[in-house]
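Order as written gives the chain letters A, B and C; numbering starts at 1 within each chain.
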């Protein structure tokens, strides 16, 4: 056996300011669009219909915003999270340009924070990951932080640097796709009559439907984004013989389910925060509810922004997220905070 | 919780003559074509090969006729069958124009019949559903009727109107795609030597092969058509914890299996009748047989029409459909009556 | 019931020199590319990124070499292996031209060898199968031999002709895609720093990762190539109720897994030999290791060839292939010998 395979980076392999070029750029196309619709109950009209997108000022229907996210994220896995113990959080995510069929996406990550844990065996790494298309245009940028094992517990701790991250992406920094215009928006074709002014901060929407997850589906989805983390594919990897569903699969499921009640929250443009509260496994029936957190204007005609908490659950009722101990209830899978664009 | 989600229409929400615009138009492409081949053992050459389609006078291979059907049908589910107790029948289905990669399909339904059941808790709704492409050209039209729950059993019954539907689509009203010409048909490449004159009304063909259905497959297929009926996706929806396979999935499986013996029944152009005789579940092994019901001419060179009964079963032998009580045998899944085009 | 269905050829239906035109040409596109990435953990950059392919002198990213193989192979199944007892071997496989989205592939087989077995009930058939695109250009040619049942054990044995097959495709006969140039190869984007000169014959690489196989996945893959062999799809076909995974599915899984350690073995250009050592079933966790067998030059700038043994296993450790009895160990699924192109 020779040492040509990638066993992933360990905590001591990261240095502040380091920029990692992630391998294997990926050309996305009509096939990825179709698979997204086969794998998730996605129905937002701007991502379903070229005609709807054209009537909204775009040249055609861009790929789902989460296709961009999963692709950029997937590229980073072999370098960032192959030895991760946990994916701890997201911040400052902004979608900067739409991704179109035929675009080739590559991604890089810059290490912006490091903190060894007190146990001396793990540490937290903060990276800002950026996806870029074939023309060198940034399409997405976000921060995530992961807990990573040390290869050698005796390796010296790096200087602790915890980045100062925004709690929320400021609405004025959200990027609305060029040309987007919701002044002629067709609410009947979009599926619901509710416009931005119909939503109020604090409002909670139960998205009603549930989807029972299958192994083949989450593996196909995760593979499609070239995410290589063993836990998703290899039933022998965990002692309990279960494969862990990629957290991003739950994000896409919940976002697609949120169509029912949020059909007009058309495009995701900002990611404020996110927690994968509990693991998801095949056989779980995923449901979702959303809470309106904020509402904002944009400079584009007829286009507003809505800040939403999107929660995915696997059972249980109600919208209480945490117990008396401050921990997420075991049925909570995802707690995501994002900005979407909606007709005003 | 706020009331922004769609809980579907109930019987008293329909009115005769009402036209319902279904939401979320859908652009179909090369990805849907590939997925159709991955999900069904489809091999009809006109839908498999651009070259074969060109040699038959078309500009390229259109999307499978059932892709058009499932898409148009799927759009109608949130408005027509979300609270349906049963999908009772089809009639007067005609494929009016081919669907090509890049086309965007929207659909509308007109209520053409209403009849409250004697129990006062349900009623039958007849709708004529029409799919239309981005140029406003109708691609498919068919009638279906469903049994729908009433929201309020006390709501007054509407006037009973039962539409007068044709038993069979008249062969002279079938639309042959413009340019279709089978005079130079290559039977070797198509897979079988049998032409229309080799088939005789009454003849029965056992299609031999079987396909065991998986949850991931029927859910991916059904999602691809943006069909939102809970029973297909949510294992907690039924008391027995089983997900019901979308009836259209069985249609596509059976039609694809019918290649073996009907390889030259290339395009579906008419839907005369159809019954989903019994539910299909994951683990069932679906088989199919066909009976030739009629044969007809068309005005296009070398192109004839064959009327077929297509039966899907999940076990059991023989071609007896019903027991002494007149009811379908429990192993019969589908009893479909359609017209296809075949070289004369 | 009438006899219009294909029950496949039996041993006595083959004659030396016979050329069989396989039915149902297939147009391949962006959808097949996306599905390949969903079904296999494929990451070789030349097949993932149009930009990487252009930087390597090609006009865009061709479809994966194994997409061509599976398609050409799948066409041949109804004529060659529907009644096959076993797929015995491969030889003299050469990829002759890349397959691009939009290409239509048809295939033919010539019978080049026949040998009745001493039991009188089966025989071995050798065929040379060739895939051709819509321009009449050969894209792939390979020899395989299968053991086929006789319909009638009393049928006379044909004259025994065993073709003289090359043990290895001579490296000078390998076809490098026109224009391929690895002189500006970007090892960071490709994912690994190892070039041809870093590998030595005899070297063994453990590809580390494992993939647990699901029924839905192998059936979707096998259907996508229009492979019709019952054993892959019909759980009632075998007494044990198990569906056999198509051997080519294991080839693609193992090849994709081999990215980890052989990321720069970009394109498959030759198939020297191959054995499906043991059957693979749903639930098996497939792993892979490779051994470098040879290294050669090509006439293209910066492009070398590496001959690899690719072994897929379903459990067990170590790289011993056979027991004392000369038979493959039960955990060995695949033993493949191929040539790939790699930057020198």
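The working rule: contacts are C-beta pairs under 8 Å (C-beta built on N, C-alpha and C of every residue); 3 or more make two chains touch, one makes a residue touch a chain.
The chain lineup, named per UniProt: A, B, C = L-erythro-3-methylmalyl-CoA dehydratase.
Not measured: the values here are computed from a predicted model.
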>> Using CA atoms for the superposition, what rotation angle relates chain A to chain B, in steps of 5 degrees?
In response: 120
>> For chain B versus chain C, which are copies of one sequence, does the interface use mostly the same residue numbers on each side, meaning over half shared, or is it different?
In response: different
> Per the centroid of Cα atoms for each chain, what is the distance between chain B and chain C, given in Å?
Replying inline: 36
> Which parts of chain B, given as residue numbers and ranges, touch two or more other chains?
Replying inline: 29-32, 34-35, 214-217, 220
>> Help me check something: in the complex, which residues belonging to chain C touch chain B?
In response: 1-2, 4-7, 21, 23-27, 29-32, 34-35, 78, 101-102, 104, 106, 134, 214-217, 219-221, 223-224, 226, 228, 230, 233-237, 243
> Of all residues in chain A, which touch chain B in the complex?
Replying inline: 29-35, 37-41, 43-45, 48-52, 61, 188-192, 194, 198, 203-212, 214-217, 220, 260-263, 283, 285
